[in-house]
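Scrolling down, you'll hit the structures one after another.
Shared chain: chain A. Partners: chain B in the first complex, chain C in the second.
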Partner chain A sequence: MSAADILSRDFELGFTYTRSTGPVVGRFLTDLRERRIVGNRASDGRVIVPPMEYDPVTAEALTDFVQVAECGAIVSWCWVTQPRAAHPLDEPFAWAMIRLDGADVPLIHCVAAGAETELATGARVRAVWAEQTRGFISDIRYFELVQGAS
Partner chain B sequence: MQELAVVAFSQSDCLARAGAANEVELIMPQLQAVYAQVGIRNAQDVDFVCSGSCDYLQGAAFAFVAGVDALGAVPPIKESHVEMDAAWALYEAVLKIRMGQAESALLYGFSRSSSGDLPMVLSQQLDPYYLAPLWVDSISLAALQARLLLEAGLASEQDMAEVVVRSRRNARDNPHARLRGDLSIEALLAEDMFVSPLRRADCAPVADGAAAMIICTVARAREWGVPYAVLSGIDHRIETHNLGMRDLTDSPSTRLAARAAGVAEGPVEVAELYAPFSHQEIILARALELGPDTRVNPSGGVLAGNLMMASGLSRVGEVFRRIVAGDARRGVAHATSGPCLQHNLVAVLESAS
Partner chain C sequence: MSDAEHAVTGIECPVYLQYHFTAGRAPARFLTRIREGVLTGQRCPRCSNVYIPPRGSCPACGVPTEEEVVLPDKATVQSFTVVAIPIPNNPIEPPFVVANLVLDGANIAFIHLISECDNSAVHIGQRVQAVWKPREEWGYAMDNIRYFRPLDEPDVPVEQIGRLSVSGWEG
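Then we have the complex of A and B:
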């Protein structure tokens, strides 16, 4: 008996609706369009980037916005040797938790580097902006290492 | 409060690919197995049914409804579903029974993760504005956590390799495991990095399949005349979705759940932990304050085969099986969900005295 033919077809998974991003997420995304990075202050005073709508501990609405720098330091990182098709970079790259100057809570984004050996916790990085910013997190194309600064 | 009992459990093999088998075909053998264990005919013979699955894995809204066909569509039953691992279906059923609305419940979890690229599918369950558009995958997030643990000196690559070696060795006795055998720590450490600092062996092999369980009041278990384990405690807690605000080297939500479930109120002879990455078992064992006398993941755990949406329920089932077999008198089962152990459930099972 020959093996049964398996029926298959392509299917694109995605949201079929649009949403308003609101006053907190929207503020952050709008600022990205202007190539600025904004966070906000948690109930305990820590600056969170990207900003959160509510404090995860007290559930208080967070409104105190703080502009932070576009450069910072790597808190943790991993090295992707084989980027997957949807990943933001085609060449081997790093994902990193990055604490931007002026922020207390690290954000997660990708870091472009030539080799894994160039990466280190504590290394300094700077945002590289997309040519056309649209108000998406990907307006920051990636972070790059700031040579000789660490 | 009603004393609760686990009376039946069955799990499929962890298949790398289930081929053309649909969800109903994955679920039905497990349902038949648990019906046979307690001597009932079908889902009509329990008061409540709850399942756990994830529509993202099937790639369609309300895809879980197809799974209900495994129960028989008529006559109507009291049925519910959680978009979570079936360990949380167990939690819902526990509430249902404690509220006096049921005396018995059937639970099942299932997935065909092989239909998609799981780490990328899971990236779409993250924060929809800050993370999902970057497609940061579940393995990379776990790797960020592993490096924090390593660089804080809270674990070494050798410790992680030891977890893998023990898991694969224990899995030799588990007919459902995907990966089993004898590995050496030296050979593991010599392997290339996958997503540094994780090697492939540090990451649970994803599998297609299903698991099912029946729970009931102790009174009903005696009526059925079947062996049972008492479910003496269960609780679950979640941490913020902002990974940067969490202490990823610890699992405070597991600590809270363990306290509420009463883990420390007796010896823990066996623990089945849902740790999809080797370093996470180290974090969990500490959060649960397990000592050297506790046998951790005697089944091999999910590093030997990870049935998405069913592995949490299977952890409870593995502890149940060992208690009923007389291998242990008291044990702890843990289930997790979300990136880097965001959401954790802890259950305590004891032998019927």
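Then we have the complex of A and C:
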């Protein structure tokens, strides 16, 4: 076999998906656009955030929407030392499970903090909203630590 | 916000994958040759199947493929589809035909376009030939071939598609 040139190039493969949100996720996103966070109440009385379409026990459609607070406590977290291009923040941050006040299950979102050592399970956080909301999960830009509250 | 009164019913959630692709030895050789307008495959030393574009090994036998085979630019339609929806950033306007084509002398199909005919006239076993771009536009790419156009030759029976010699099809 004779010699070949070394050939390399960058390319991007894009899948331009759109997704229909339905009445439950659509309601959640509509409220986010208004800077409100809603969940819904399941048959066992728990408030689930983000809202679920069907009850985890009875499989009935869930309709009882409940507004919860924009602050809560960190249940668990994971520090991201080197954020990648697709991540919501450029600086090191944490992915966290956050139980908002009024909710019974945690929500996953990002937490901005100066250093990993500032984070702790049980630490209090508050949502920081985007300047322009559009009905998307990133309407909450991130959660920030509420100093002195934990 | 102007749409504040409207409920959210859909979201855009695109996925963009960024690659840096380096062609291996066999694909690089194929691309270097197609830049000169030559279609080059590789033959398996064990089962004698000819692959184009070559990957450097035989997927059936698991052995390296070294021997190069120059193939003509005539092919047979193995299967096809009529594409009716536009592809983002693709300059080709639907409806257009995408086909699995087997070059004469090859034993595996590759994907390319068929044009210069009614889409409804495209059929399995149809004989086609490459329509090349002008030589000065050739690069390291399969789209040096603009598309394939039908040939005035008898159809190839299904059981012989992918089994023709490099000398072509007499009917």
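As a convention for this text, the second predicted complex is superposed on the first by the 130 of 150 C-alpha atoms of A that agree within 3 Å, B and C clash if a C-alpha of one lies under 4 Å from a C-alpha of the other, contacts with A are read in each partner's own complex, and residues count from 1 in each chain.
The rule is short, and it goes like this: contacts are C-beta pairs under 8 Å (C-beta built on N, C-alpha and C of every residue); 3 or more make two chains touch, one makes a residue touch a chain.
Keep in mind it's a predicted model, so treat the numbers as computed, not measured.
Residue contacts after overlaying the shared chain place A:T30 against chain C, while chain B stays out of touching range.
Of the two partner chains, neither chain B nor chain C is touched by A:E144. Contact with both chain B and chain C is seen for A:F136 once the two complexes are overlaid on the shared chain.
Comparing chain B with chain C, more residues of chain A are touched by B. Of the two partner chains, chain B is the only one touched by A:W95; chain C is not. When the two complexes are overlaid on their common chain A, residue A:E118 makes contact with neither chain B nor chain C. When the two structures are aligned on the shared chain, A:E70 is found in touch with neither chain B nor chain C.
By the touch criterion stated above, A:T21 is placed in contact with chain B and with chain C alike.
Contact with chain C, but none with chain B, is seen for A:R9 once the two complexes are overlaid on the shared chain. Residues 4, 6, 11, 13, 15, 21, 29, 136 of chain A lie at the contact with chain B in one complex and at the contact with chain C in the other. Taken in their complex, chain C has these residues touching chain A: 1, 4, 7-23, 25, 27-29, 31-32, 66, 68, 88, 140. Those residues of chain B that touch chain A in the shared complex are 19-20, 56, 59-60, 116-117, 119-121, 123-124, 128-131, 133-137, 140-141, 143-148, 151, 193-198, 239-240, 242-245, 248.
Residues 4, 6, 11, 13, 15, 21, 25, 29, 42, 46, 48, 50, 52, 56, 75-81, 84, 86-88, 95-97, 105-110, 116, 121, 136-138 of chain A touch chain B in their complex.
Interface of chain A with chain C (complex): residues 1-2, 4-21, 26-27, 29-30, 33-34, 85, 132-133, 135-136.
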